[in-house]
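Each structure below is given as structure tokens.
Two complexes, one shared chain (chain A), two partners (chain B, chain C).
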Partner chain A sequence: MTRTDRPALRVDGLTVRYLTKGGPVVAAADVDLRVAPGQCLGLVGESGSGKSTLGLAVQGLLTREEQVATEGVVAIADRELDPGDERGWGQVRGHLVTTVFQDPMASLDPTMTVGRMLTWVTRDKQESLRWLEEVEIREPKVVLRSYPHQLSGGMRQRVMIAMALARRPAVLVADEPTTALDVSVQAQILSLLRREQDRLGCGLLFVTHDLGVARTMCDDVAVMRHGRIVERGPSAQVFDAPQDEYSRRLVASRLTLDTDRARPVGPPEPTVVASMSEGLAQPEPESLTRRWSAGELTWASFAAPEPERRRPPALELVAVTKSFRTGGLLGSREKQVLHGIDLTVEPRQSVALVGESGSGKSTILRIAAGLEQADGGDVVIDDRGGAGVQVVPQDAGASLTPWRTVEQLLLERLGNTPEGTGLTDAERSARIRLALERVALDPDQVLRRKAGQLSGGQRQRVAIARAVVVPPALLLCDEPTSALDVSVACTVLNLLNLLRQQLGLSILFVTHDLAAARVIADRVDVISDGRIVERVDAGDLSDSMTSAYGRRLLDAVLP
Partner chain B sequence: MLRFAVRRLGSLVLVLLCLSILVFVLSRYGGGDPVRSYLGNNASASAVAAMREKLGLDDPMPVQFWDYVSRLLHGDLGMSLSTRRPVRAELADRLPATLELAIATLLFSVVIGVVLARVYALPGCFGGIVRFTLLGAASAPAFLVATAGVLIFFVQLGWLPVSGRTSYGPSEGLSGIYVLDGLLTGNLAYSWDALQHLLLPAFAASLGPGVALARVLADGLSTSIGSAYARTARSLGESERSVLRRHGLRNAASPALSMLGVQFGMMLSSLVVVEQIFSWNGLGQYLVMAIDRADTNAVATISLLLGAFYVVINALVDIALAAIDPRVRLS
Partner chain C sequence: MPSSPDATTVPAPTAAAPARRRMLPLPSRPGRRGHEARPVGAVVALTLLGVVVLVALLGPALSPYSSITVSGPPDLAPFSAGHWLGTDHLGFDIATRVVEGARTSLYAACVVTLGSAVFGLALGTLAGMAGGWVDQVLMRLTDLFLAFPATIVAMAVAMGLGPSLSSSMIGIAVIWWPLYARLTRGEVRRVASSPHVEAARLSGTRGLTLVRRHVVPSVLPTVVVTASMDIGGVIAMLAGLAFIGLGSPEPAPELGLMASSGMQYILGSWWIAVIPGIAVGLLSLLFTYTGDALRSLLRGTGA
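Then we have the complex of A and B:
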């Protein structure tokens, strides 16, 4: 019997429609899939491509949804089932097909110990212990008695994997299993998944938006867009020589440590091209697009002239310390999060601060933004006559008041600066339009829209426009691309770089993604446990980074 | 867990101390002259002065407070100026009555809450009508519900008694809680009669809290069965019923319990009114009479007692919360 004869998972003609008030929305359209035992098939695509819906459908998790209509057949280890009908799924779901979900914190019941959850699956405590050892959890006996919140993100995901594998399924679905984890544990979780899959010989359906992860993990990939599979084939083939137009764009948008920093990243984007034309000798979009595609367009061509007078640093932190107090009236504890941080951002300089969650990088950003007071040390900010500091947050959707229009949001910022208050209404309106154009938004389209009506990428751009409508002395970016799809992330990085050149901005960019850091920054500072452990030039990260933590971050950027 | 319980009970002592200071200050400056109300308006100036001296009302405030607390700790609650009996004796007679009503109200609230939580989750138009009606019922103050209950079940239908705690005399049991005493002494008819007397007042006081509880519980249930951990449970092959029982209820219990703790305060205050309406010879009735007659000893003691009820119940709620949800123990 060959691999192709008896697939672990077979999907034939699967169509999934979400019945919404505005009519049916097709999440998957006539999808066929085969996953052989021992094979890993990657399902890649951007948000809204239908990849997660497909992941749910093959486990029969859509059968109870009233607002969902399905067609087609799902077969798990030769058992044919209807993804829209609960009949027959009872013996299959949780037995022949199991899942590792994205966010292990939310996906584990917070009120139950690991032992209680795992033993429900294994039916035997010794077996639970054995599985915890199998997924390389140290001190399995302690973990068995622990609650999810007492474990690290990586440990939680290992527990999740143990629960999913304990019944030895024929098919394992992994739905973005490392997206919610720190990059430095990503590689461990992936190799664990791969090893266990080989050992059990189950088929693995790996749903991800991260092309790097798909490339390392999967034998074959299927690229999804708008519910359809637009291209499929062996990973190496799809990623090295994509045939489909969309796959090509997707692959081109991926950042690695070899991405050229001097030029715009990703394929040419019409809206970005439109905002580039200002102040150039050859401003025609066609020629810009051609030069971008040919790799002839460098950031240097957009640089604003150097100011005559040298300015002081935009941000200077000297020996800054900070600690937080936890606990109540009786028995409080103090935890030091910053130990003597020295950090300078020169005018027109861009510095990336990289570290994992809990390292203190967000606290530094909050101190620089004036949202938090340092306990000790000096914080000096060049105020540039009241322009102040502006923040582009990670979750722009939450940072914009949803019922205010884009115009109101930008006017508000304009009214809060000395520069803005001196303007006439006409001048203000012109400033706002210019700011929106700079972030590649059409003012006529978005000015009157409310923030809540915009897409994620649009909101992120509005947040940037609000931050730069009056050029701030310092722009603070808090993981502005980590929640975005790769193509949108490229656009945001390109826009930030463009603004940096045109306006001569100083930027402090907080991230855990070295590939993004190296594109946006001149210098990368690595922070670990509240101390800056390393400072390297962004130009040759891979060669000059020596700290243990820095090397781990480097390894996390998949080739 | 044990450490959390000890810490929580420790802070309870602090709260009780603050409460006693507050009650003391209010009783001394709350207006009304206890001596005048005791001796009458025609008493001579010298008699009043002698009485003030006897009650220690002319001592400096800290001395008075110290006296008050040390007598409190020895179980001496002073004389009730309105009934001319020791406050302690009055409480011994009336506390069981209020306890009986409070316990029944608490139980009714939980039952109403759990039953209505299911009705609340009903979809469609019928569910909407139910929710609307319940919201109306819950917004009605206890005295209105009580009056409506009297009109329907006593005046119209004649099903339930509406006055006092029993058709017989006081119980011969030890607890003073009539339903319980009847059961303990094997006198089931007595228990049944006491239960009938209990139904309307307890229902009147528990409708509002019960509906509030139902709303929180229904909300919590729908959140937790739609959560990521419920999806995980389903993906591991748990049935819908198991998801609801193992994960849904457990996670929805925390907000519902907190709600119950808050609602208990509301229940106590409506008990004062409800006892009045149903001639329930408990603390509430005593309190109303004592306020009327400027009986400061009685008012202070009952306030302290009701306040203590409230903080103790809430401490127990917190400890129960910590037992259900381990994350509470951290904060």
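Then we have the complex of A and C:
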């Protein structure tokens, strides 16, 4: 391969329109891009910004889509191609441009061994083995004979990277390659990608919604919004001193370990401000927004008065154990997921349970919610502080019954509580409107809608509204922000904090993200393999975390 | 031997196949062919169905003759003046009798299908929601009914109750409900563990309300589509039972019976047996298309 000064990837005036029933939707508008050999360009933006469409276009994956109209030119290693025309892409796609997708399981053939797939690309067994060694897979010889489902997520992604790079492409497109992985694996995959890309000298187009990842990974970034690139430049410059209004807001929404916990996170959000104004000395939205921007607005100013008497804990788990039976009729075995968990959530306290997938954190939440029974130990819930236990799920969309309206769902919850049964219809209606306003939704807009007609952020807020329309004794949050865009995640965290102050909620917040955990929680409990390994005050996380596992999670939070 | 991790909870194949056909609320993805196409076939099928139902309802009023009295010379060929479809060996007007027969068939088939569907839906929902031994008992009971050859069971029941229209209806209902029970049970089991049902449970909704509001609506479209297709099958089977003499006795205007009694004249006056037979075929076909039409319409609304 000869090195030239010519860009590995050049995109000129690319416009992509999806032709829909309601008229054309512009997913990319007159986009220009350059990626030099050996350069890593990050394409960041929130969902719907057009970054994924752009990622597809440069791989020639829009050519066969009907109802898609494209303009402009994509040039890969000096070959000019029409992103809307299949001609010429055959020799380029999968050769000069290869891809690492978000979900390696979906891109690997489940019926083939890794060796067969890889050798199909390398044409040589030894070469395949060498590539697996190159991507630092443990026991490469075993992996060569394995099927994709026998590998962990991180290993599959390594295989994907090996397959993509074994073609020696001019351009590698990485579309959210670490989003589906555990945080501690993420860092390894990123450094592997970067190292291999440097070694091979290919251009890397890195599509991601995660600003932290983009910052550590990329030389340059382009911020996309509504199909346009609103700002581009060296990563350090864009992230430290964003020029564009939108990129400024995006960067401000990012949570790190230095985010101020005592104040609302992110830039002022009008709908959140509106729901804040209730019960304050200075309720005018303008002054609230001003104080928020100036960093003078603290959560303490929203706190409801403390009750006089001390109450017992809202949730108390003592030596809770749980195992699941896995396997089918033959070879069934018990797998213990919780080994004697002790966990207490005091009234008005917020505890974050942090761990990676498979650590047992979701099982604890399900046991506290009464959705699973513990095998041993005690689960005590004091529900005098409110109406039972409520859950804010990760996938709010799936938790809302698709054929029921928001109004029906909220009325249903209200009618099921002792507090709600005593109310008249008018009072109930007023109550659910208030609940929606509290989560920064316009009641007139959403009451009659069903889950399918709401955006992801709206669904999450409806799920919260349902959980708090009658304040519960204990609010369980199951990764409520992990599926959301950064700015929406900020809003949800702010709303949860606001509700916590206003209603005096007790919260158990399950997450894998320490940065989000420390914003919402008073205390952080780290869980690994069904055991709580560490318990630290959220205030000085970085200093007081001592366990090896805790430090690993801490290091995984990108600066 | 490979064993699937949830081998015990996988619904039986017969239940799984229709479940996969279910109309999920598909996100309307842009850029897919046929998304905007109007379901022409659906409109045609539903219109035809409307016409047939109207004719059946108006039945007696449309014809100057009675279906069980002599209204002309016997063995009159089709397209004769005054008798469009001719007369039979007794001189009864075939057109009048076919309309009357279709009316009876439609009514009987709807009652049988509705009855089986409601009963099967209730039992399947109970089994699916309860799980455990209730599920086991109900499903083994269902299997018991499905284990015997359906037609023979229907014949035996109808015979045992004494040949009549209602006996054959009961006979068919007995073999038909297990299909709905199985279909419903599989679907309910799937929905019952879905996040939205869990969330509804957490919000305090229990028992029948939970089932009615959060579970059944997702099963209903499948059952409705299956039922509308099944009406055709039930019409054919009712005619079959009548053909072998398990329906109403002569001279009732029943399509199967008409075909059966016309058989002895088939060499001389073929139309006496063939015309009712064609009517049965067309009615069955119409309902099959209606089922398809309903499915495509329901998919459009994302129900």
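Assume the second predicted complex is superposed on the first by the 548 of 559 C-alpha atoms of A that agree within 3 Å, B and C clash if a C-alpha of one lies under 4 Å from a C-alpha of the other, contacts with A are read in each partner's own complex, and residues count from 1 in each chain.
Methods note: a residue touches a chain if its C-beta (ideal position, glycine included) is under 8 Å from a C-beta of that chain, and two chains touch if they have at least 3 such contacts.
All figures in this text were calculated on a predicted structure; none of them were measured in a lab.
In the superposed pair of complexes, A:L181 makes contact with neither chain B nor chain C. Judged by the touch definition given at the top, the superposed model places A:T99 against chain B, while chain C stays out of reach. Contacts of A:M163 after superposition on the shared chain: chain B is touched, whereas chain C is not. Residue contacts after overlaying the shared chain place A:I532 against neither chain B nor chain C.
In the superposition on chain A, contact of A:L400 is made with chain C only, not with chain B. Between chain B and chain C, more residues of chain A are touched by C. In the superposed model, A:V351 lies in contact with neither chain B nor chain C. After overlaying the two complexes on the shared chain, residue contacts for A:V58 are found with neither chain B nor chain C. When the shared chain is aligned, no partner comes close enough to touch A:V135: not chain B, not chain C. Shared interface residues of chain A (contacting chain B in one complex, chain C in the other): 328-331. The touching residues of chain A, counted against chain B in their complex, run 59, 61, 64, 90, 93-95, 98-99, 101, 103, 106-112, 120-121, 147, 149-150, 160, 163-164, 167, 328-331.
Touching chain A in their complex are the following residues of chain B: 7, 10-11, 227-229, 231-240, 246-247, 250-251, 324-327, 330-331.
Those residues of chain A whose C-beta lies close enough to touch chain C in the complex are 18-21, 25, 65-68, 326-331, 369-371, 388-391, 393, 395, 398-404, 409, 412-413, 416-417, 452, 463, 466. Of all the residues in chain C, the ones that touch chain A in their complex are 1, 3-8, 25, 27-28, 30-33, 35-36, 194-205, 213-214, 217-218, 302-303.
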